[in-house]
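One chain, subunit A, links the two complexes that follow: it is found with subunit B in the first and with subunit C in the second.
Showing the complex of A and B:
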């Protein structure tokens, strides 16, 4: 009689979690991921266009750094994306998935535009700007805190709630534009073109300088808030484990609502900067998808405000660079979305190798 | 007046079909605990892949046959959505990275692919103008031969291409699968509590992969319906609009039930075009009417969370990745 040998199947890989990777090594892995992403992107570019990929990348760099004007546009776009990324960060650290930054920015911008439209001729510009700032921040807070209240009390799914609030905001903007523009066109022209009432002033001869300074201040403030304040610590604890937070006596509901007030307020401020400092008008595309891109920027930077300066600049560089190659090589502009997508896939994929350790099945065990 | 109402119902059903495909696909995905926010991108990809397949076929033969005009775009559409869903599955299930970030990146990528190939496919072949696949569009639009003979009722309820019926059939089959099959029960258990399912010997990884990929392919058909049947084989950049997000809204509105999704899609399809059919509506109020689908979705989301009925909740592990060694 044959004896049936008991065979225990052991998987080829054994995956364990790890938290001990040195930060330098972790950033090394992320850098490798970007290099791999650029190689894959160049393969895509070559197969589609038959152009030399190095030529394409040189064009991209020219598109962002080619002239002083291009460089300042790069800085301005980076600042706005950074501002929105900073806004969503405290909520994400708390594991509150605020996918509604787009809408919060939009209502902020809408409030500013409304002030400019209705009070542009009756108030001095300085007073007007202060009122615009306050109303924008308040509208951003309302848009952000509504899902937070429902999440805190009834545990309503916040990612779906905030997502829907975006479209309510978009339609609201469309409604007011239709109301304000008399001839039925859906495009709002520049508001107060003649008087410039409610426009942020130029300083140092640069149009966007005020935006840059304000965003720089927010970056520093957010860094201090998250790392050196009691509230910042509470956010991290709630994000790690709500049960632990409750156990040590943190009022979780209060933290959720308070954090979303901050998140919404900064988004509203971003809307104000976009209307008052950059565009001087409002449209459905005011936030231009930045509310969603900001989520990726914040996540790529591991919720670190200082790292976000680099990640947001990197994403803006990609988008502007891709716009440049699209023009130079007569390609469709959407090539930038494809490249952004590929690069983000690689970077988020690389997180696996930072957070988990792959143990191969050992030979010795197999022989046993 | 009566004619307007019938025209409205007909238009609402036409609008609802891409939404229904998207919603059914997302329900299949979410039942496994994966919140795939890449569905809008996948739907663009499904549309453009169908266009590419149809274009290559229609322009390589002198007289394209009707059967191949349908089969080739159908398969290439499924293949396109399959690839995107596979990227999402690999990143979120095998590499366990954040689902929201992956989904949003996938949407950016998918819409980029759609607009890129839609905008430059012709120039690759040295042509100019915009894409229009007349023959393929006609094949997809072909309705039941007796529909026109049944008067206004036939015109309103039966004058659709085959994809419209397929959408409803898929939704009904999905509902049957969830509620009356063993595999459906296992899938739901994976979405509710993967650790328990794992302990019961259900392969969490297999179920998550299969449901995400099949769900993606179903959603992609919504994009195919839009480009082939609705626009008759033509592509315009961003023409599909925000219908992908509306499909995700329907999933909530239908409280994760495919049969309810059919009726919800009709309702949302109607709301989507309601503003065109209300007489003497100012253009600003039209925009307010267009807000309705989203407001209604928020209300449903709030109400189901307040009532706390267990059978109406989202899958409990929605949005979380599963790692066996971390409980």
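Showing the complex of A and C:
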């Protein structure tokens, strides 16, 4: 009998879910994660580049705060990332895995660009901008609602569907650029460079001010929508438990479709802002991966619009900082990517320790 | 005496600190013998078998195979000791063929040789009388065919000890007979077979011995030939215990809800309800007794408008208008709009009745948030309601803003029942409302149900503890396999009689031909 007992061994660790961590402690863990990330990054910096890590970090901060222009770029990029994050949030809250923000932004931008290209000379800029806004939002809605309809009625997989719609959008943009740029360079120059038709106006002497104001308004609206509207409440119920939603008589199909209309519309709007307010042109890289980064921003903020201001700014700060050290210290781009990767890895990793507890095998049992 | 093919000694398994799924269970199965493992739902049958097949690991006790003590830590170990388990929910890959599923996971030398596999499977099939097309894909198969694949799978692996978890639950009577013939042949071939069931007539017609579990404890093993239905029922349900639950006489009962010949078929084509007819009156509690999965959930969900109904009628006698309203085919919202005040406490509290991650206030709103034209939520009234329920029902919670999943089971249930009775229902349906609750919380719930009854509500109470049903309910409807096997008066009802009605195969009283 004793020989048998020897074989019986509990695993060294076992992991249990925890639900009761105090918010303050959770933030403590996140802070520690950043500190740990900075230490690990320092080691990498020293071993690879021989630079003083402090110097590198200072440069990183300068990337976002080094000059007024850099600061406004930080704000502008944050606004765009925030806008797309806000767009995916209601869908994700509903557990509808919308991986198609990239494509939804792209078709929105394409619609704006098309209006600028075809109607730039014939319509007054104000009217043009309104038309651009409407067509962009509509395009975003179409791209968002198609997978939703299929999901609601035929239970198709929305992740695959939205993902594939991205590629359709990319090809569509490529097609129109070929159509519009006859020289075959496949690069669309700035549209209406001379007239500025369809460009969002500068206000307060700032090129991006309109973008910032619009995104700020969407942030407030989304916060109110999710927390205080009946529709926002329905989104939460459907996301938490479809069974409960059915039980209280919520029309789940309707909620799925309605929510993706909103999600797609805001993505389309983001595309409009990128074309009309920022780039004044369109390319396949218009969304630049923000459709995916936005998912991370939204999750890290626990789907809280106000928190997303900080998470999106943090991500942009890292990206800008990485670019800055690559330039200023003549480092390979990869080094800065490694640093960004390490920091994000630690932050996401810390969520594991916030949500789970690791129990080590107790000594008493081991001794037996 | 021969050595047992498998013997369990003092097996104990706990989940967490509180729940004891199995306590000091002793069991032996011999070669050439069919052993039935009998017990109500939640009596620990499946947990026990999962320990033999390596899915769980026992906290205490020993397992012997052919007289030698063994340690079974994984399904692989179980396979090594020639133990094969056929689970209630099949573990097959839908897009593979029968043959592919049978050899899946086997590490045999050489390449996959479909011919030799076919040969061996044919030999097994002929030996035991199976009938199976090896090249058919799983998703094209009927439930019975899938089960055949599962059985051949374990035989192909050379199992000597077969465990079948409720194998007949999903089969038609003809398919059941076929399965039993196969099992008898296996017995002749010297296999040890353990079959988990709660159908008494099957136990009596098939097995050599019966082991009975009750609430995780081992009651005893009897030889089938020496026993009868009533002895087994008594072993299974135990002696009557007095609980002293209050029960008042119904005052002026009038028919409130009438269900006529209600039938339902689930998405897999299995009949879940079969011509159910009954009437609930105002001011009484109608108990629904039955083995879990006999159609209780489907019955309540059809009444609540959450289940498609195949045929039958659900008539609500509206006390206000005096009209008879048909509820069949209506959504929960349409039912409300008719003025039918139907409240429903579902079995799955946090998965259906409440949203675990929302606080008490937001859970109060689930029923009422639509009110008013504004597109914004109104949280004042739900907040007042939440606070009133916390006060009146003595819900232990830090605040009304606490997510309900953080509350204990009893408090979760108080929140749910509180919300459902807050809308002053005329019909209240409660499925297993005291499951998992401690004594005090249970009595609090009984009191709430009694108050509702006294204020003239028609209460439907689906329960599992027969002692509670007998003391609380005015009438008890017993269902078995989706049919009504009888409706008895709660006062003076006999536990053994109800137990027998629960385990009857065809629901009808005529079935005594086992």
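Note that the second predicted complex is superposed on the first by the 338 of 368 C-alpha atoms of A that agree within 3 Å, B and C clash if a C-alpha of one lies under 4 Å from a C-alpha of the other, contacts with A are read in each partner's own complex, and residues count from 1 in each chain.
One rule holds in what follows: a contact is a pair of C-beta atoms (placed from the backbone, for glycine too) under 8 Å apart; a residue touches a chain by one contact, two chains touch by 3 or more.
The model shown is predicted, which means the values in this text are computed figures rather than measured ones.
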Applying the touch criterion given at the start, work out whether A:97 contacts subunit B, subunit C, both or neither, answering first, second, both or neither. first
Should A:332 be classified as contacting the first partner (subunit B), the second (subunit C), both, or neither? first
For A:230, decide between first (touching subunit B), second (touching subunit C), both and neither. second
Subunit B or subunit C: which reaches more residues on subunit A? B
Considering only the touch criterion stated at the top, classify A:344 as touching first (subunit B), second (subunit C), both, or neither. first
Looking at the overlay, what does A:163 touch: subunit B (first), subunit C (second), both, or neither? first
Touching A:314 in the superposition: subunit B (first), subunit C (second), both, neither? neither
Set of subunit A residues, in rising order, touched by both subunit B and subunit C: none
For subunit A, which residues count as touching subunit B in their complex? 15-17, 48, 97, 99, 150, 154-157, 159-161, 163-165, 167-168, 171-172, 174-176, 178-179, 184, 289, 292-293, 295-296, 299, 330-338, 340-342, 344-345, 348-349, 351-352, 355-356
Which of the residues in subunit B end up touching subunit A in this complex? 35, 37, 87, 91, 94-98, 100-102, 104-116, 118-120, 123-124, 237, 242, 245, 248-249, 252, 282-288, 290-291, 293-295, 297-298, 301-302, 305-306, 308, 314, 318-319, 323, 325-326
Complex contact set, residues of subunit C against subunit A: 57, 62, 69, 71, 73, 304-306, 331-333, 336, 344, 346, 348, 351-358, 362, 365-367, 369-370, 374-377, 405-406
Residue numbers of subunit A touching subunit C in their complex, please. 1, 4, 7-8, 19-20, 228-231, 233, 236-237, 240-241, 243-244, 246-249
